[in-house]
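Per-chain residue numbering starts at 1, and chain names A, B, C and D are given in the order in which the chains are listed.
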Amino acid sequence: MQRIGVFVCHCGSNIAATVDVKQLAAYVKSEPGVVYANDYPYMCSEAGQAMIAEAIQKERLSGVVVCSCSPRMHEATFRKCAAGAGLNPYMVEIANIREQCSWIHKDMETATQKALVLARAAIAKVNLGTPLQEGESPVTKRALVIGGGIAGIQTALDIAEAGYEVDIVERTPSIGGRMAQLDKTFPTLDCSACILTPKMVDAAAHEKITLYTYSEVEKVSGFVGDFTVDIRKKARSVDADKCTGCGACQEKCPSKKAPDAFNRGLKKRSAIYTPFAQAIPNVPVIDRKTCIHFQTGKCGLCAKVCQAQAIDYTQEDEIITRKYGAIVAATGFDMIRLDRYDEYAYSQSPDVITSLELERLMNAAGPTGGHLERLSDHRQPKEIVFIQCVGSRCADDRGKSYCSKICCMYTAKHAMLIREKYPGTKVTVFYIDVRTPGKNFDEFYRRAVEEYHVDYIKGQVGKVAPQPDGRLLVQGVDLLDARQLQIEADLVVLAAAIEPSEGVRPLAGMLTAGIDTNDFLTEAHPKLRPVESATAGIFLSGVCQGPKDIPETVSQAGAAAVKVIGLLAKDRLRTNPCTAMPDVLACNGCSACANVCPYGAITYEEKEVAAPGVRETRRVAVVNSALCQGCGACTVACPSGAMDLQGFSNRQIIAEVDAICR
Amino acid sequence: MTKSEYAAARIEEISGTNPYRCMKCGKCSASCPTFSEMDIKPHQFVSYVLHDDVEALAASKSLWKCLGCFACVERCPRDVKPGRIIDAARQLVLRQRGNSYLSADEISKMEADLPPQLLVSAFRRW
Amino acid sequence: MQIDHKEEFRPKIVAFCCNWCSYAGADLAGSSRLSYPADVKIIRVPCSCRVNPMFLLRAFERGADGVILCGCHPGDCHYSTGNYYTRRRMTLLFSLLEFIGVERERVRVEWVSAAEGAKLSETMNDFVKTVGALGRNIRLGDLRCRN
Amino acid sequence: MKFSYYPGCTLKNKARALDQYARACAGVLNIELEEPDNWQCCGGVYPLGRDETAKKLSAVRALQETKEKEQALVTLCSACHHVLKRVNDDMRHVPEIRDKANRYLELEPPYQGETKVLHFLEVLRDVVGFETLRKKVTHPLTGRRIGAYYGCLLLRPGKILQFDDPENPKILEDFIRAIGAEPVIYPYRNECCGAYLSLKDPALPAAMCEKIKGSAAGFGADLLVTSCPLCMYNLNRSETKDTLPVYYFTELLAEALGVKEDPAVSEKQEEGNP
């Protein structure tokens, strides 16, 4: 028989206001195995923990139940406390009477009754518990960063600076990401390329960093400390070792019809291309879909002009398999497609553009050489209207439910830059709210209004109507004036919502990382573990976790790096002892368990089985506890009930069921 | 429940829209083709319902200016459907009053070649 | 067993939630104060695939009126494939229940992610309503287990 | 292919052209339009109130009758199309309305929105196919620059009507291309014409129609097409009546298919064409 102590936490008034904690402590005393019960305002506090430790020793407790917040919150705290007092930490169970009781119920009688049932279930489980020992597993001291934008670059640099090997996998031919497409950055108006390219160069030059550009992650297996990843290095058709980056091939390439993705399709590019001048690596790729040689077998001009003889039409995709201790997702974002918002005439007029397209139009390396002009007639716009929240903050099925967070600031930036460079331009911004929380952010926005005289109008635009003369009639509303406005604009800029990059969902599947309904990767805790995924060893950096601007992205990237470094600094990791355990007496060696194990943790051995009346050698299952992650799939697959999961044993779960149904 | 609270609740019920979802972006008013004819503007409809001021809404000219063109319904990013709210207010008035905004006598004074669709629609709405 | 006709029927409901998605979703429902009836009691399991159909039958035998099993969305399983096993096993269980004449509405399988506190709360509310309407589970309850 | 055909009130008199030209074309397109013996006016506008069931019953009757015949229900008038599709959507998705209507009409088995409602344009696009139509054209309208006028009732609410992209439709433009003419795209093709406001504030629809026609003309349209008798009425009352004529799309279809001179049509057209 166990000697169980039950500790009821008030959590200030969080629990105590709805659950009668005194009564609960009194009730549980009559439960089987319970020899001690008490309550305390904050069980997780030092005093609360001391109380538990003292009770463990004084009452010679063999098990502890804490009725408190979610085990996802403080299970580790209380296990550590128990271990300090000499009790096996796996003899501690939590009854979640806050998130799953006091916070969702109002009536005290009901909540107290439910808390009692939850406590009973936990007590029943501890009654059947057994002490467990953690194992150890090795750590591969190398990290993988998926995505080569500012988030990935920063994370990789920080990890590499700590002395660990890092690989960056980037889908496009160059690192740099969205930030490379930007012209200036808020709130200081630095040139984006000026602050980004040195970092790109650092990453490329760092002896600990390996870049895999034009590459994608194809398969991930393993677990924290010991992931195995397949990277598909797509055929560049250019030998990177020979290429000098002279650019002759791109100049001579006769196929110049492909939309230039880096310039958001505002320009065409050659079939052999580097996305932009400062691309790293400065090695072009051949886009085989538009290359004349690959389509017809003719041409071959690039090979002829290449003095370094770097063009290699026979190159094939290569699969690189590597081991990593930690993986960081830094997959970034894209703008939503605007074809479902055609009241703004995005697909009907070339002069209705997105903010990211405007970045390219204002960039000296962009399609217009930095001269702001209309794509329809190359005239410089005299009147520009910005529309905020296009597809953000929507409750319908056209848009996104969230605020994209960066639009208010970049629109203020755009408005200011335009007024600075072309003072004769009239700039109007239609907004729903101007959201500027951030250091020097509101000041920045106010400058746009006060110094640059940008006309901010609270209200939305209902329709953008292209006129026969090429101008755009913008019909909007000024809500503060309750007036409908008709503005004749030359250019309309849409602050389109941002969304996670395409393909993040299958990647999340490979990483077994959580993902929300908007396809943002889910952090382990919204406040306290913002850069970790719930899956150990998987970390999050940048917008793949949620909308954020560059300063925030860089801080998160650094934070993710620190978490990775903390992991790689360990030589061995403690492993979860809640692993599968076969009962050799019952096992008949049928292989059902091995067939469902996603980790290949189950093998078979010829073992001598001895029991009263039995002594024979037979084939039985053996679990490698270093590989087993404790999902329990095998326990259900086992036809003879021989396989069980430590810490969540059949008897324990049935005891919980019984306690709840009592 | 006061009389005006009841009326506001009825509007929510008849229209089937949730005025609390409105974020006051004004896209309805920006889209409305008869905005200039309305004394209470489309984006203000929800405020009148939320503040139980249905009397003012019922007395408003706007009831008879809405065309039912659904531009606001189509474009509302919050799925509030202001057009349904104004229609519900009109229903409340018509149901209680019984008579119409449009009388048959007026028709007799009009040109003869009115299409039936026009008359049917007008009498249904008004 | 006492029967109090005045008292409204409150179903006994056992919920199994996987640690990574649904249990976290239930925590989110809690911290967002999205209520659902106290009739629902959650048991934490590492993965929905840890739940042996026998556990559900055991619950019914012990007088549960409904059992709900929540896991990560298909494709999002923390252990890659666990919820696919769950789906197959539960489909078989549904056939069994149908065969022995138990309303299949008494068992539900739902996918709730860690970010879907609202969905968890809605699901639980709806399930309690459904099971409440079905009334007491007399078919599978073991009379010897009644108190 | 055989369809149930719901003409609606106005197509029996003021908008007879819309109806007769469609009937004339049907044969060429291998479709049969079967008018039910006894149909009732759809009401012209869809009753928005969630508790209004009675006003939806005439539409339910038409839908139910079509269900019994196992046909799809075709309309030509934008308003009928709008009302029938929305009531059908209610019958499919709103249990209160469905139950009430079925109880009232004593329908057994109950009607649950099984009938498919199609606008004639959808028949041309999805059943006949614009490519097939193009091949059947004998008198292409080459050189004519036509502005499509959609109005409201064909398009909105897009989620329920499922007709075309409500903000950037293309079905009429594709139709115009199929009959050999050139579509003129202008921004106000999905703006309201002013509808029934012409009975009370005629100046307002007049101004709205002026904006629509001015924009279409500005983009180079020689004529407009519509499928709505009320739009036709309002557009024709404006001052630019002669400079930018408005036609029902079926009339242009008949012309392109070479059946416009069908004597039965022209005879009736004389009394009916507005």
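Following the convention adopted for this analysis, contacts are C-beta pairs under 8 Å (C-beta built on N, C-alpha and C of every residue); 3 or more make two chains touch, one makes a residue touch a chain.
The structure presented is a predicted model; accordingly, all values stated were derived computationally and were not measured.
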Self-check item: Chain pair with more C-beta contacts, A-D versus A-C
Solution: A-C
Quiz item: How many Å are there between the centre of subunit A and the centre of subunit C, using C-alpha atoms for each centre?
Solution: 30
Exercise. For subunit A and subunit D, let me know how many angstrom lie between their CA-based centres, rounded off.
Key: 49
Exercise. Round to the nearest whole Å and give the separation of the Cα centres of subunit A and subunit B.
Key: 45
Quiz item: At which residue positions does subunit D touch at least two other chains?
Solution: 167
Quiz item: Using the touch rule from the top of the page, what residues of subunit C touch 2 or more other chains?
Solution: none
Quiz item: So which bits of subunit A are touching at least two other chains?
Solution: 343, 463
Quiz prompt | All chain pairs that touch each other | solution = A-B, A-C, A-D, B-D
Quiz item: Once bound in the complex, which stretches of subunit B touch subunit D?
Solution: 13-16, 33-34, 37, 64-65, 67-71, 73-74, 83-84, 87-88, 91, 101-102, 106-107, 110, 113-122, 124-126
Self-check item: subunit C contact footprint on subunit A (complex, rising order)
Solution: 70-73, 96, 98-101, 103-106, 110-111, 113-114, 117-118, 121, 505, 508-509, 512, 514-517, 522, 534-535, 578, 596, 598, 629-633, 635-637, 645, 648, 650, 653-654, 656-658, 660-662
Quiz prompt | subunit A-facing residues of subunit D, complex | solution = 159, 165, 167-168, 185, 187-188, 215, 218-220
Quiz item: In their complex, what parts of subunit D are in touch with subunit B?
Solution: 8-10, 13-15, 41, 43-45, 47-52, 55, 77, 79, 152, 155-158, 166-167, 191-192, 194-201, 204, 208, 229-230, 232-233, 274
Practice problem: Using the touch rule from the top, collect the residues of subunit A that touch subunit D in their complex. | Solution: 339-343, 345, 347-348, 397, 463-468, 473
